[in-house]
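Before anything else, here is the set of structures, which you'll find just below.
Both complexes shown next keep chain A, but they swap its partner, so chain B is in the first and chain C is in the second.
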Partner chain A sequence: MATDVERWKDEVYGNDIREHLFRFAEEGWDAIPEDEHDEWFERFKWWGLYHQRKGQESYFMMRIGTPNGVLEPGQLRTVAEVADEYARGPVDNPEFGAAYCDWTTRQSIQLHWIKLEDIPDIFEKLEADGLSTQQACGDSWRNIVGCPVAGKDTHEHIDAWPVAEELHETFKGNDEHSNLPRKWKVSVTGCDQGCGQGDINDLAFEPAEKHGELGFNVRIGGGLARKEPRFARDVDVWVPEEKVVDIADAATRLFHDHGDRDNRFNARIKFLVDEWGAEKVRRVLDEEYADWDLETAGEDLRDQYTYNAGGDEHGDHVGVHEQPDGNYYVGLNVLVGRQGVDDVIELADLADEYGSGEARLTQRQNIIVTDVPESDLDDFLAEDLLEDYSPDPHPFMRGSIACTGTEFCSLSIVETKNRQVRYARWLKENVDVPDGVTDFHIHLSGCTASCAQPQIADVSLRGMKTRKDGEPVEALDVGLGGGLGEHPQFADWVEMRVAADEVPGYIQNLLAAFDEQREGEETFREFVAARDEDALGDLADPEETDYEDPYMHNTKMTWYPYADEDDLDASPAPTDGDGETISADD
Partner chain B sequence: MADRVLKVNAFTTFTLLDGEVEGHGWQTDAPAVLNVTTGDGDVILELELDNTETDEVQSHADRASLSPDEARELAAELESYADRAEE
Partner chain C sequence: MATRLRLLDDAAWVSVNDDRAAGASEVWPVADSFCACPLAWLAVEAFVEVGADGRRVDARATGHCVTCGEAGTTSWLPVGRVTDDGFSTATGVRRSRQGSPTSACRTEP
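Take a look at the complex of A and B:
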């Protein structure tokens, strides 16, 4: 039986949603019939808009898809100006202020508190500068990810940026591919470090050589959500660069035709690959969808992958790195991926002054300024802003990733970003970093949807609830030892329902145990892999410390976790285009 | 340790209940997730106890399908027993 979402999509979906969205924007929040909220909010996702959670009615999160994380010169400033003018809510965030930009784990941008009435003006401003929210969410081609320094990387074998651009131009707004059974996440990388994170995408292109020619091997069916995380499967296909769009088209049509539209929880292509196996996927692709004979896989570079590989790794593009043209890119650490808007504007100024004006977003929620001449490097690195967004951050600041959490998200059950900021600061002040550890990944996701990619972190944290001193409090499940590299590994879950204020103490005890018990230069990931379930469970205990957590209460039940009066009843939402509360009598 | 079987998010009916798993000759308390959802025209009731608390059973969740009429009957029973529990 078709799901509600499939029925709604049959009625209106894809590009056609825009005229309805603009009509609602013109007429105001109340123009969306209350009994049609679910269907319109589902459709708006296709245009990059998520309705915010209960208590924040009439406000939207807006996601801007920047393919491969590339912000062309001028675009960073445009994003900041949009955030400054339109992404302001009724209450400031205590860590980040009144307006801010989020850099996401899929190299996109998220702004919050967007009012329906402002959407046409925002689209006009974004689109005038080549930016778009189209298909940033919804059941279609999502933002294409890849090595964020494609075209500017000394580790590169193929410049994947033109490939990503061509895929973006072919499949964004393409009516034939606008209504897929579920989201469709694609990764393209041309470097030998694996930083496209292809393993966790629905469709992945990874550099490989065949007949002396560099092209791409194809993997299909990766994804992290819920209890079924999957690494993309090797379907034994190699394509030359000029065939990437064709095989992507074939794979998308296969998903379109065979993905499960009767059950959204079984709809991602990873489940079809589970059911069919990689061989059948290849055979069907070859016989029914590709109009040329598919080549078998070429020789890949996976044995060189260092990205998030757990050891001597190239983990996040943070730092100063030489480009092939002799200029430098400087990767700046953005704790939990959020920058206040004044800082973003200042960074846009610095990118203009010292680089080409281009900026790039990484899958570790960081930002890169490219094209800095060697002669300007020292002056750039001496800028005050880089004290807050360091190219040489402390390992705990460097490794911290967090999803949106209960601040705005309808799914999350715990507060995340501000908590992770506090965790990182406390760990930096109180926990000794084991020898040789430069980058310790701690990913905090507010629910099982896994937007912070917790399963591929050294320490995976995922939202839960527990009882403490008789009261329900926010808690986290804890996993250990995940990562990518040649042999990717999902985290082993070792603790359930650790009270959120005891997690820093747990990590402190965990790293003390690691330091004490590790053999020689053993990495944390090797250390975890060498231990069975019982040993991992016995490694460390949660512990209260002087860490203070102001978000232990049920933040899901507040209208905004940081408001002085945070009860749902105190919410000003829904509001009109001027931010004034819409009275129930209106 | 195996991951949770049930997804857990803000739409989950109860993320923290006191649960108990019992077999022949053994019994263990464990925190539980209890959720109500729909599927194929039925109401689905699903329950999962934290698997950290017992080695007696493997990590798992239990589900029961109720027709809409059965779900309403259950709701009425729950209302009735809620009243009795408060007496």
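Take a look at the complex of A and C:
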């Protein structure tokens, strides 16, 4: 039986949603019929709009998809100006202020507190500068990710940027592919380091050679959500660069036809690959969807992958790196991926002054300024802003990633971003970094949706609850030893329901045990891999320290966890276009 | 009048008549046999089914007891009641009902 979501999609979906969205925006919040809220909020996702959680009715999160994370000259400023003018809520965030931009793990941008009435003006401003929210969410081709420095990378074998760009232009707004059974995440890697993170995407292109020609091997069925993580499976297909769009079209149509539309829990293609196996996926692709004979896989570069591979690695794009053209790109660390708008505007100025004006977003929530001439490097690196967004950060600041959390998200179980900021600062002040560790990944995800990609971190944190001193408190499950590379590995979950204020103490004890017990130059990932579950569980205990956590109460049961009056009953929502509370009697 | 019931956003919350009635992260005191505790304190991680009998809305949830850590899926527990003024959320100890609601919606709609 068709689900409600499938029925709603059959009625109105894709590009057609826009005219309805604009009509509602013009007429105001009350114009959305009360008995149609669920269906319209589900549809709005296709245009990058998520209705914020309970207590924040009438406000939306807006996601802007920037393919491959590329922000062309001028676009960073446009995003900041939109955030400054439209992404301001009733209460400031104590760490980040009144307006801010989030850089996400899929190289997109998220703004919060967007009002329905402002959406047409925002779209006009974004689209005038080549930016869009189209298909940033919903059951469709999502933002295409890849090597964030594609085209500007000395490790590159194929420039993945024009490939990602062509996929973006082909599949965004394409009515034939606008209504898929579920989200469809695509990655393009062109380098020998593996920084496209193809393994955790629905469809992955990875560089490979065949007949002396560089092209791409295809992998299908990766994803992290719902305690069902999968690495993308090798379907034994190689395509030359000019066939990438064709095989992507074939794979998407296969998903369109065979993805499970009766059960959204089973709809992602990873479950179809589980059911069919990679061999059948290949056979069906070849016989029913590709109009040419598929080639078998070529020789890949996976044995060279260093990105998040656990060694003396290329764990991110932070730092100063030479481009093939002799200029430099400078990767700046953005703690938990959130920047206040004043800082974003200043960074846009600096990108104009020292680089080409281009900026790029990474899959580790950081931002890169490209095209800086060598002669300007020292002056750029001396800018005050880079003290807060360092190209040479402390390992605990560098490795911290967090999802949106209960601040705005319906799915999350715990507060995340502000907590992870406090964790990183405390760890920096109190924990010795083991010798040789320059990059230590700690990812905090508020729930099993895994937006912070916890399973591929050294220390994985996932939102939970426990009881402490007689009271329910926010807690985290702790996993260890995840990462990518030639042999990707999901974290082992070793400590469950650790009270959130005891997690920094746990990490301190864990790293002390690592430092004491490691053999020689053994990396943390090797150290974890060498131990069984019991041994990992015995490594360290959670512990209270002088770390203080102001978010131990149930932050989801507030209307906004940082408001002075945070009870749900104190919420000003829903509000009108001026931010004034709409009375239930109106 | 029929009550519209849905589980949305990866079954993170229960929608009753297009309004959010319950969500992941809530902690419910649960009587009966979810775990060995005399009273389980269930941290709701997601929902499995939602159903209604007349005005009463029930759901089955997945989660764990924050006291003992036992994880699993509950039997049918009250979420609240549809009233003439909207939806009234259940409070206090939740006890499982006998049998299934007459109309149920499993997983996401």
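Here is the rule we use: the second predicted complex is superposed on the first by the 586 of 586 C-alpha atoms of A that agree within 3 Å, B and C clash if a C-alpha of one lies under 4 Å from a C-alpha of the other, contacts with A are read in each partner's own complex, and residues count from 1 in each chain.
Assume contacts are C-beta pairs under 8 Å (C-beta built on N, C-alpha and C of every residue); 3 or more make two chains touch, one makes a residue touch a chain.
Everything quoted here is computed from the prediction, not taken from an experiment.
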Superposed partners chain B and chain C on chain A - clash or fit: clash
First (chain B), second (chain C), both or neither touched by A:Leu480: neither
First (chain B), second (chain C), both or neither touched by A:Val5: second
Partner chain(s) touched by A:Ala309 [first = chain B, second = chain C, both, neither]: neither
First, second, both or neither for A:Val186, with chain B first and chain C second: neither
Contacts of A:Ile367 with chain B and chain C, given as first, second, both or neither: neither
Partner chain(s) touched by A:Val281 [first = chain B, second = chain C, both, neither]: neither
Which superposed partner A:His37 touches (first chain B, second chain C, both, neither): second
Contacts of A:Arg264 with chain B and chain C, given as first, second, both or neither: second
On chain A, positions contacted by chain B and by chain C: 53, 225-226, 263, 265, 406, 410-413, 447-449, 463-467, 472, 496-497, 556
Of chain B, residues touching chain A in the complex: 1-12, 15-16, 31, 39-41, 50-52
Residues of chain A that touch chain B when the two form their complex: 1, 53, 225-227, 263, 265, 406, 409-413, 447-449, 463-467, 472, 477, 479, 492-497, 533, 536-537, 556
Touch list for chain C against partner chain A, complex: 4, 6, 8-13, 15, 17-20, 23-27, 41, 43, 45-46, 64, 66-67, 69, 107-109
Contact set on chain A toward chain C in their complex: 3-5, 34-38, 42, 53-54, 225-226, 263-265, 406, 410-414, 447-449, 463-467, 472, 475, 496-497, 554, 556-557
